[in-house]
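Okay, got some structures for you below.
You will see chain A twice below: alongside chain B first, and alongside chain C after that.
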Partner chain A sequence: MAFRYEVRLSGSGGQGLILVGKVLAEAAAIYDGLNATQSQSYGPEARGGASRSEVIISDGDIDYPKAENIDILLALTQEACDKYIGDLKEGGVLIVDSQMVTKIPEGNFQVVAVPIIQSAVERLGKFLVSNIIALGIIIKLSGIVSEDSVKHAIRSRVPKGTEEINIKAFYTGIDLAQNWLDQHGPLKH
Partner chain B sequence: MIHTVDFSTIDLFGRVSALGNHHNKHLLNIEKNFDALVSLIDAKHLFDQFRLLRFSSQPAREMRLIQNFIRDRETLLEMLGCYYSLQFLLMNIKALDVLQMYLSTPTDRYDNFQRFLMRTGSDFRLLSGAYMAVLLDIFLPENSRPDFVVCCVGTRVDQDDIDLGVIDRGTEDRPIITSAFGQLNREMLKNASALHFHLSEHVGRSGYSASIAEYHELLDAEIQDFVILSEMLNAVPILGQQALFEQFRAEILDRYYYHPANDNKYHEGCLRGLLGEIRDLIMKEAPENILNPKRDALRMLKATLFAMKTWKGIDRNTTLEVLDVLLKTDLSNRDDYLRIHRALTFFETVRFLYQLIVVQEEDIYLEDKNMSDHLQKVALAMGYEDKSYAPAYTQLLIHYQDLQETARRGAERLIGQINKHLQSITIFNSITNIADKSVVPESEERINIAKEFIRKSSFFRGTRFWDDVFNRLDRDNEILLNMFISDFTNLPKDQMISLIKTYVRWGRLSPYSLISLITIIVKHRTALAESKFIRCFLDEFIADLQSTHENISRLCHILNFAPRMMNNFLALLSEKHLEHLIQIVDQPLWRPDIQMLQDNLLILCRLYKDSSYYFQRFVQRVFNSYAAYISTLKNEPKFAQIADGLLRNLDNFDSIAERIEKLGDYYDFEFLRLGIKMISGGSFEAVNQQFTIFSDNFIQILFDLCREEIAKEMNDAVLETRDLLAVFAAGGHARSQSFDDDYDLIILLNSDEDKMLRYANRIILKMNKHIIRRSIMTHYRFADRFKNYVTTFSNLKEFFSKPDESAFIDMSQLLGARMIVGSAHFKNAFEKEIVIPFIFNQKADFINSLKNEIYSRQNYHLTSTEIDIKECPGGLRDLENFLFILKAHFSIVRPISEKLFKQLLQLLPYHQAQIETLSNNYFLLKHIRDLYHLMVSDNDELQTDHLMVIISPLNKSRGLNLQTAAQLRKMIESLLRENVALIAQLFGAVESD
Partner chain C sequence: METPNPNIKMWQGNVACAEGALAAGCRFFAGYPITPSSEIAEVLSLRLPKLGGNFIQMEDEIAAMGATIGASLGGVKAMTATSGPGFSLKQENIGFAAMAEIPCVVVNVQRGGPSTGLPTHAAQGDVMQARWGTHGDHPIIALAPGSVRETYDMTVKAFNLAEKYRTPVILLSDEIVGHLTEKVEVPPIESLGLTDRKKPTVPPEQYRPYEMDSSDIPPMANFGEGYRYHVTGLAHDETGFPTNNPEKIQAQLERLNRKIERYRDEIVEVEVQYTEDAEILVISFGSTARSVRRAVINAREQGIKAGLLRLKTIWPFPGKEIEAISASVRKIIVAEMNLGQLAHEVEWATRRSKPVVRINKINGEPITPNEIFNAIIRQD
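Coming up: the complex of A and B.
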């Protein structure tokens, strides 16, 4: 039976979550030969400063474009976390920026809290790459798409001249996730 | 013959390498499959049927040829993807070349942008439409195809994604459509542009399509999200049954257009959604380091034109096509449409080229180190050239800013007209017109309009524009407003609270509307500010606010767009409300676009929270008159510049009345600026110095203006007053003490002429009127005694010749006074005729009286447990009286100041330590008093409970490390005790001198 993996990336406008959605979907569809759809918030919420992007990855057909049983929810703001936590499936993974999301909702899911934005600023001197750090964390924790494919997709989606810093950010995310796994043990799948 | 295709002849790879990295996937596709595709074409002898080195004008035909000769589905999809990729690259190269050709012609730059955008949009739709049509033929063969129609609902030229709406009949075979679109979606993501299905994500139950019945179900009862409406109204059928689309148009779309004499509530909802979006966009302050053509102009322009399209019933699809119709038909607004045309074509072109050449993102980060190179490419593509005065990209950026303004100006008047149109058709007229009926018969029960508004507005849930309705409440005649308020306040308490809660819930998505409503009510009914009704409204509103990024952004944008309204709103809030609001807003956002606004909002909230009522009056008044300057709250030097500008600008007003009015504004502005500086922990000395300068400026200029006005009233029969009349500041102002709530003045006249006395009195009377209007209480020393504002030398001489027991107080006032208006000649005469003979020459009596006063006051306040910083033993009054004694003893005229202390140090060389301590204590107590006046109350009796708030600025300004109010109180008590001891010690020194 075909698998269906749903990722929701949420936060506020300007955090680059739409780009992460595109990269993840293209990594899966173009470079890993999987099926993928990507959607993004279009409604008034997007115009009010919130941002949401969803990626569904499958090795079969994707007959419904909307994510409703989320495997991984990334929340870079408290508001996004509170708003979307209800769609996270039982046993799913909630990844949050530990500084931006301080009130973790209760529920039957696994929580990965990592200082994403702070790491972007402190390790790479650039707030703008926090989205790619988050992508690295997602890839390391989910293993849904290969690291090589994501690297290709990143290179194909960022402006010329910024490829290397974005790849560094990606590996920073992988490092952060690995550290988290070292401290907390593997996630339950 | 085996054909080859030599891409080097068109430098395909070289050209593509100059474009954004997102073209890589197309190069990869070509690299992977192109040779195979050519071999297959060649094998079928169809090479001549294909155009592989130039963009094809018939991509659909060529794709169908491929479809016809490849049987294996996987290979077919790969070859079609490869063909699409090649044509996509050729299309973009063509677009850039054609734009250069257009721009080399002498025609208008913006017309060329329009031609370019329309051409490129058509080419993209031709290619992507053909690809989707062929793919759908594969995934959804004609013979098994249910009825459906695919509509493009987005911007035609946009290559980043393709927004689609799929309409079906909702029949049981929908899963076939769903499956086909799932596969289409996959191929498009891999080889072309991602598809987005916003409509079907929100309308219907599942899948990629929705039926007309499902649109009815969602949209009949409520207007819903206006983005759905915008997409629907933008729909252009590209594939499938045209008849189904026509049905959709007739049943769903048509009702959002204006139909005279019909029910227009759907049209109204559409306009409310669009105007709400426009207002939200105008509210935002664009960050200086991020460009975003969509946010900066395109959304506003498109929403404006979209509103015009539904109002005027324009049956065109793209924004540029709608604009073309309006330019030709709505001639009265032609200038605005021309402005919009320039802005629209410019921003659309910048966005398109940036996404083509750099990256498919909306934000353009100017601080990125590669950005000037990237923008240079965009600028060159747009026809800019490097000039000796500026490189191409700098010119582009300058135009960007100019055209942002052009866009706003172009849209502004149209928005006003749309608003008027909305007022004429709104269903709320049935409510607001009630006020226009002269009398409602007693037998007829009037509807509760406060409830009725909520009931009717439920249809418009999701929209955020209510200015038109609230403007009716804001009318001068107040009839509607009175009805609205009484419909709340006449309800039983529980019902009133319940209705207020309903309003608060209603306003969750648009705090602007609620804040607007509350401030309109209080503006017209000031007395209601403290009423249960408004208190309850504020309690519920503040309690309901969540600390979300969206709410913080909304509040920040309101401050940016309507600073006066926000200022008036904050002025209504209690300390508790403000504390809660600060907690909500003071969160990390990582949003450079609102960082500055967030800071300003927090400063303003804290200013209200941490200010005494006395100082709040200044904050409220200044920002009510000069609300735009709230944006400079963080920038003290800029604030000072504005104050200087206000002062220098006085002469530019024609009438004296205007000058006086603006002079008062200058006073308030400076008072506020220095107050903020003081409570921010600024230097006490610097604030005092600047305070003296501006308050002296105020009195001097006011005196001149009042004299000028009196002269006019007297038909320019001006009397020369220069050496005869003087204005002295007494009390705190004389000692350069800031933030006094009153103004002690002594007006002296060195003449006994009646005419001169009357003239001087008239000037001062006028001055007094204007000072009082600033809420400053004026006291005229001697006015009671001599029954005139103006005191003559003769009055003083007569009084001091036969002094009563309180004359020493008047003497000390004269001795402490500082001349603000008057000549050196007058000052000499004053000292010679009054100070020396009546004070210095009789100093023993004066000193004795003051000494007795000090001791009797100390005894009087001995048992008091409260600290009155002015009157208690060792307080400011004791210190000042003691300093008068020293001044009289040493015959010093200089007012109390640092310079006086320096002079005393020289005169009492054996008591330097005591004088220095006394000086430090004096200025520290004054500092505490100033902070207490600004932050707690203008009362001199210090409440220990409230001392905490002044600790932070006091610590910051003086390098102290006080932690608690008790510590500060202890310190003050210690200073007071020390002062009592020092005064006693120094008395001895003076007496033995």
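Coming up: the complex of A and C.
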């Protein structure tokens, strides 16, 4: 039976979550030889409003490309967290920005709260790379695709001239996730 | 990590549409940006000039349709792309292209309607507009892709059909397929069966642009190659000039519609899965067919004899195929993101001999596999 791994990246429009979804899907499909789809749902505004990007990874065919039974939910805003938590599967992983999402909904899931946006500003001087930091956290916690594949996909997808800061952001995310694991112990899969 | 195969791309449906157009030989695009189709224009604005082609952003959608027609008359394979509101605005010139028999491809990445509706959300509500959006009895071809790879293939096919039958061809995509990114293995160009319009073999002074020949598809001369003729949306005779002669008008308009009807078997394509012993047949198209496939597989795993029929060609309508495949089933389900535009045609094609259960959704959200599965197991 083919595995199906579902990731939903949520926040507000303009946070770069569609790009992160495309990077993750490309890493899985082009460099790790799996199948992957990336789809998105957002409002008509250019900035703001709850926005989501979804990646399905499988070793089989992917027919329905939308997430329904989510393995990892990333929420960068409280609004997105409240709106999308219902589709997280039992025992799944909720990753939140610890400053933006202060009210964690009740439920049977694991919570990883990390200061993603603050780390982007303090460590890299650019809140814009919060999205790629979040990607680093997801990769470290899930192991769903290899770090090398993600690095290649980042280089192929981010705007020219921003490759190095995005690679640094990716490693910042891996580092934050490692710190979290050191403090809290491994996640249950 | 594996070494990537350069022929395998991670493309969005709209990117695959643009790349398919280029592979088919499209060298002119005129458009007016509109969500969720804008990526097609974005890609072609970058790629066409490098291939010696032209990209032009017009002042509105009908002008973009007009420019597309003009480019085609000049001998260039031409396309425009839009979504619902823009598709409405193009209708007058789509009728002109049908009447004057000018090959061109019109992409409609469907979004929620009516009016400006839901710019960023999917719908499949333009099935009837694709057929009858422009007035009068006219032929049309409409294709509906269900994946990113198929968007590539069908864009190529749309050009091939447009050239072969001298007609506008509609590519009826939707927001889900248009904005979906997935793996595509790009086929070799030799496998695409590229088709070019039939050109006149007679000298210019003997050329009659709307001649009633045995194929019903008159040869088409490109402007600038020495052939001068008249192009009009008015009813015209074989010379292309307007006529009020009832016999000539009747003959020309019958030929115009017949030229697609008589070749419908070469045009129409459907996909069937698990239909050999199916008791319940689910009919769908476009992105919704992906949910249907999941639901049918789930049903089969539980021993329920469900099958799927996906319409790859919407117009000409695959009525004959639907009738044949549904002959032995006891129930038909039609799933579509509109209020039953396809279901109505299915009822007509099957002469209402079977119960037709409708699954309709028009709130911008996709029909889920579960919603279809529930309709499969329900006792109707």
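One rule holds for everything that comes next: the second predicted complex is superposed on the first by the 182 of 189 C-alpha atoms of A that agree within 3 Å, B and C clash if a C-alpha of one lies under 4 Å from a C-alpha of the other, contacts with A are read in each partner's own complex, and residues count from 1 in each chain.
Everything below uses one rule, namely that contacts are C-beta pairs under 8 Å (C-beta built on N, C-alpha and C of every residue); 3 or more make two chains touch, one makes a residue touch a chain.
The structure presented is a predicted model; accordingly, all values stated were derived computationally and were not measured.
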Clash or fit, chain B versus chain C on superposed chain A: clash
Partner chain(s) touched by A:D32 [first = chain B, second = chain C, both, neither]: second
Which superposed partner A:E106 touches (first chain B, second chain C, both, neither): neither
Contacts of A:E90 with chain B and chain C, given as first, second, both or neither: neither
Touched partner set for A:D148, first chain B, second chain C, both or neither: second
Chain B versus chain C as contact partner of A:L128, first or second or both or neither: first
Which superposed partner A:D182 touches (first chain B, second chain C, both, neither): neither
If touched residues of chain A are counted for chain B and for chain C, the larger one: B
First (chain B), second (chain C), both or neither touched by A:K66: both
Colliding region between chain C and chain B, picked from 42-50, 222-230 or 420-428 after the shared-chain fit: 222-230
Chain B/chain C common contact set on chain A: 22, 25-26, 29-30, 35-40, 42-44, 62-66
Of all residues in chain B, those that touch chain A in their complex: 20-22, 24-25, 28, 163, 175, 178-179, 182-183, 185-186, 189-190, 194, 196-198, 200-202, 206-208, 225-228, 231, 277, 280, 290, 299, 358-361, 363, 365, 368-370, 373-374, 462, 509, 546-550, 553-554, 588-593
Interface residues, chain A side, partner chain B - complex: 12-16, 18-19, 22, 25-26, 29-30, 35-40, 42-45, 47-50, 61-66, 77-79, 82, 99-100, 117, 127-128, 155-163
Residues of chain C defined as touching chain A within the complex: 1-2, 4, 8, 10, 35, 119-121, 176, 179-183, 290-291, 293-294, 297, 366, 368-370
Touching residues (chain side chain A, partner chain C) in the complex: 21-22, 25-26, 29-33, 35-44, 62-66, 68, 146, 148-149, 152
